[in-house]
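Next up, some structures in structure tokens.
Both of the next two complexes hold chain A, though its partner changes from chain B to chain C.
On to the complex of A and B.
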């Protein structure tokens, strides 16, 4: 059994390194995207072997579901930009002058430098050396597991990861939510929503699949959110699953996206951060410290924050997939 | 019995690495995408086998999420390659005589 486990780990490691190398070295972008999807799968297996099922769950939702679709659509957008440049004609609706196309052109206009090889090699060697040194001098420690276990009874939940994320180190989670929000603001500041490249897919298979899958995905998302209090799961994973369901809906009718209502959309996107901040400030006022909870209120507050965070993350992921501010919303 | 599960998981991992040949060689986009989709199916099986072998029930949830969401990439792919395009459109492969700056990933 142990020999098999070691063998499994070695094969998995070889696969991850090999796929990552081929993905980075690939000159065919489509092949690189497919290799990246495979990389996500292998990485999820690696997280499982590292005994981190929570991260494996997040990697499964993000890696299998969202990044693949995001990269494929981005590749198609890139192709239409390139075709437009080659032929001198416009194949797409005229882009926003400040839009993502302008940024791409700015990135591509200077020809790639050949002299960067030596600095890049030096940089890689220095960083690699530092990493090896850091790993060499790892201090012997039992980690924080005993400390977390000793305080589980006041955390309000039964799953140690959720206790750390939403109670003991809530500050980190709060900042992570803020980063997700800032990423969306960055994407929105680049321009308005542009049509998603999509060809007609005739036949009943695509709509039928989506009609079956989207409700199941929503139920699974809610289940994963609920499981977070006692088992691997939680807001990020649930948000990613619900976001993937939203992306499926977007892909189902890319030409007939409903006009996003400005104010409710913004409220939903900021709900996680705002609620977290309100609860945290209340803790400060009530004397539990910033982002601290009274022991008796820990469970309901954690659930409340997780629900809001799930909603925000799901909406943000769909908005990032659609890319750009909603059309007709320039205030 | 867990020995058998682990051996089966190892075998399936080997089939993924073998299937990478199809992703690397192609030749068509469909071949590559289909290989990745089959990896997803194999990954679900590996996760289920691991959950039995390591006795970790949480891995079933990971497998569920994988089985559910692997289709998203496939739907995106179908949307980009829905109807067969005319044979002369160079959509999958850029023409080899394109000048340098337009192919930023091919500078070596």
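On to the complex of A and C.
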């Protein structure tokens, strides 16, 4: 084994633990969020080293990117609410009681006491130690690789991860799509957002960067989606990249964003699960089993589902970033 | 005729998943009609489940062979993931259908605002679909995902009213759920690393009492105990219930918590069966005694109606824990445990719905001021009392049969020479007395003088549905034999 690689792994490991610790110990929320994003990127590197490029992509795009953006925007909102409260006057229309105020109050629990620290540390060490012992005894398991490899020729795609996610265990993937959707429904149930006003560009750099970044992100997203059938990639990663492009646009908002229309948006966020379920139910009726495909149709159907899922994931992530349900949804 | 029937079971189970998912997806895509889709969907799913159970009883799996297993997408385990239908899952599917249908009808009256309705129904239908999928799942990783669907929808529904208390309760519930899920997932990862399969039947065939299994068992059980609010991991339950809408409380205490308990039972009867030891059984039993006493005392101290009901869930789940050591002596006792959980879910859901009606009418649920409101609503009070009778375990109610069978199993252990069996018998009997005390406290508030205000009028759904469900809970005793016979159709279980 290459000495340099071992050294790299050790530094990476120390970095992950160190950053995680700093993130948890930080009393400044902004600092904690930035450290969390760093943590996600280091973790993605670790996945690369573990030869799991699919997970690395997902971790970088979703774990560090989108989650980071969501955390930052939440922080921004909390700050503006605090500032509003401190100044004692409301320059915005009276906030509805279901909005972020409630969340703020809910989160404003007293900080954990010092004396919980030692028991918590002991507990973590004991559980961690037991886990290491259990892992130590684990045999070198090959898992399901041979079984998956034996069935690749009838899976419809060339990349084993995609074959597992969209064919062999499509049910799990369908439910993961559903979970992202349920998260959005939950966020929407808590309140409405109003029209987002345009934000004057602070300088030439932001619009210029956007003009470059957004098309590049779109092309990358489409490539990652297409690559999924034969190489690391797929709907979740592509959706996260396209969603990031959408978030950039919302963030910069060079002009007044139009109010999101209710019905098309609903159709967009549900496109993935609708199509998946339709194909799956057809499989049940046609005798391929629920969520099954006829062998000859596997490839086109998988691509179709992935395209719809990518669209839905991207829209859902942008909608989560904007938070409240669009006013168009209530008409 | 019978073989043809049995052939329909796999398609019927997969069809149930497809139907309940379809209803949820449709309501999500078309929120304007969500309540109509929800009502029709609730009727359709309930009819489907009842039809499936009739089919199951008529031509269920032979208890000596494997359960009905359904390969999704035509891929058999270990490559694909399989659903499985046996007596245990069938019983819980029927329970879910009954409680969920009642909750749906109740929600027609409870959630009447046009905008709120659009937000409520999709989430609720996802929760129901998630429960159906949880009970049908036969794969360790898929179980984790169905648990996530259930938890996330439940958290969103707890926060539904959006008040500070509701959001605070929901955030706490969310954190507990995430911790529980991750703990469960870590156990799944350990099992997969050791055995290379995720399918429960294949796992069961490969597990032995090794360090990995022990660690996985601890992690998965602790995670599920958190989610099931089993003593001493119950701290989230009362705050989450306090401000959740009434139908959500009913489902949370009736079904969601029962779902996690189902999974504990399923795992310990299957994959982790080789790990059980008498000492472990006694430890769980002692936790159960603690739950009975602590939960009951909290219920006796609580000043608000919904808190009493929430703490009574903590107490009643103590029975399920007390039953663990009994199962080690008399393996067949697990069926009694499930029957008890079924009766409890029915009774608890109706108590919560009745409490919701009172709270809605009065605008609060402070026990001391509810007198006039209670007196003005004889149907609701009767529902409260009837379901309470079942919770206490008075003769001829479903609760009586369940507790009688539990006591019988407990006395069996005493006769078998186990000294600690006396403690279990005392706990089962004493728990009933404590239950009587807090149930009577709820009903007795009708005799308080309090304020004169009788509260607002409520929709007829909110008046009649709790009574209907309480009647079902009381009459569940009549279905005792049927339930126990259905449960006997669980292959591999004693």
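One rule holds for everything that comes next: the second predicted complex is superposed on the first by the 276 of 331 C-alpha atoms of A that agree within 3 Å, B and C clash if a C-alpha of one lies under 4 Å from a C-alpha of the other, contacts with A are read in each partner's own complex, and residues count from 1 in each chain.
Please note the rule applied: a residue touches a chain if its C-beta (ideal position, glycine included) is under 8 Å from a C-beta of that chain, and two chains touch if they have at least 3 such contacts.
Not measured: the values here are computed from a predicted model.
Of the two partner chains placed by superposition, only chain B is touched by A:69; chain C is not.
By the touch criterion defined above, A:152 lies against neither chain B nor chain C after alignment on the C-alpha atoms of chain A.
By the touch criterion defined above, A:209 lies against chain B but remains apart from chain C after alignment on the C-alpha atoms of chain A. Note on chain A: of its two partners chain C and chain B, the one contacting more of its residues is B. Shared-chain residue A:249: touches no atom of chain B or chain C.
Legend: residue contacts after superposition of the two complexes on their common chain; A:218 is shown touching neither chain B nor chain C. When the shared chain is aligned, chain B comes close enough to touch A:85, but chain C does not. Where the contact sets of chain A with chain B and with chain C meet, they give residues 107. Across the interface of their complex, chain B is touched by residues 1, 4-5, 7-8, 11-12, 14-15, 18-19, 22, 27-31, 34-35, 37-38, 41-42, 44-45, 48-49, 53, 56-57, 60-61, 64-66, 68-69, 72-73, 75-76, 79, 82, 85-86, 107-109, 111-112, 114, 196-202, 206, 209-210, 213, 216-217, 220, 224, 227, 231-233, 237, 241, 244, 247-248, 251-252, 254 of chain A. Partner chain C is touched in their complex by these residues of chain A: 97-99, 101-103, 105-107, 130-131, 133-135, 137-139, 141-144, 147-148, 151, 167-172, 175-176, 178-179, 181-183, 185-186, 188-191, 266-267, 270, 273-274, 277, 280-281, 283-284, 288-293, 325, 329-330. Listed in rising order, the residues of chain B touching chain A in the complex are 2-3, 6-7, 9-10, 13-14, 16-17, 20, 23-24, 26, 29, 32-33, 35-36, 39-40, 43, 46-47, 50, 56, 58-59, 61-62, 64-66, 68-73, 75-83, 91-94, 98, 100-107. Across the complex, chain C meets chain A through its residues 11, 14-15, 17-18, 21-22, 24-25, 28-31, 70-75, 78-81, 115, 118-120, 122-123, 126, 133, 141-142, 145-146, 148-149, 152-153, 155-156, 159-164, 166-168, 170-171, 186, 190, 192-197, 210-212, 214-216, 218.
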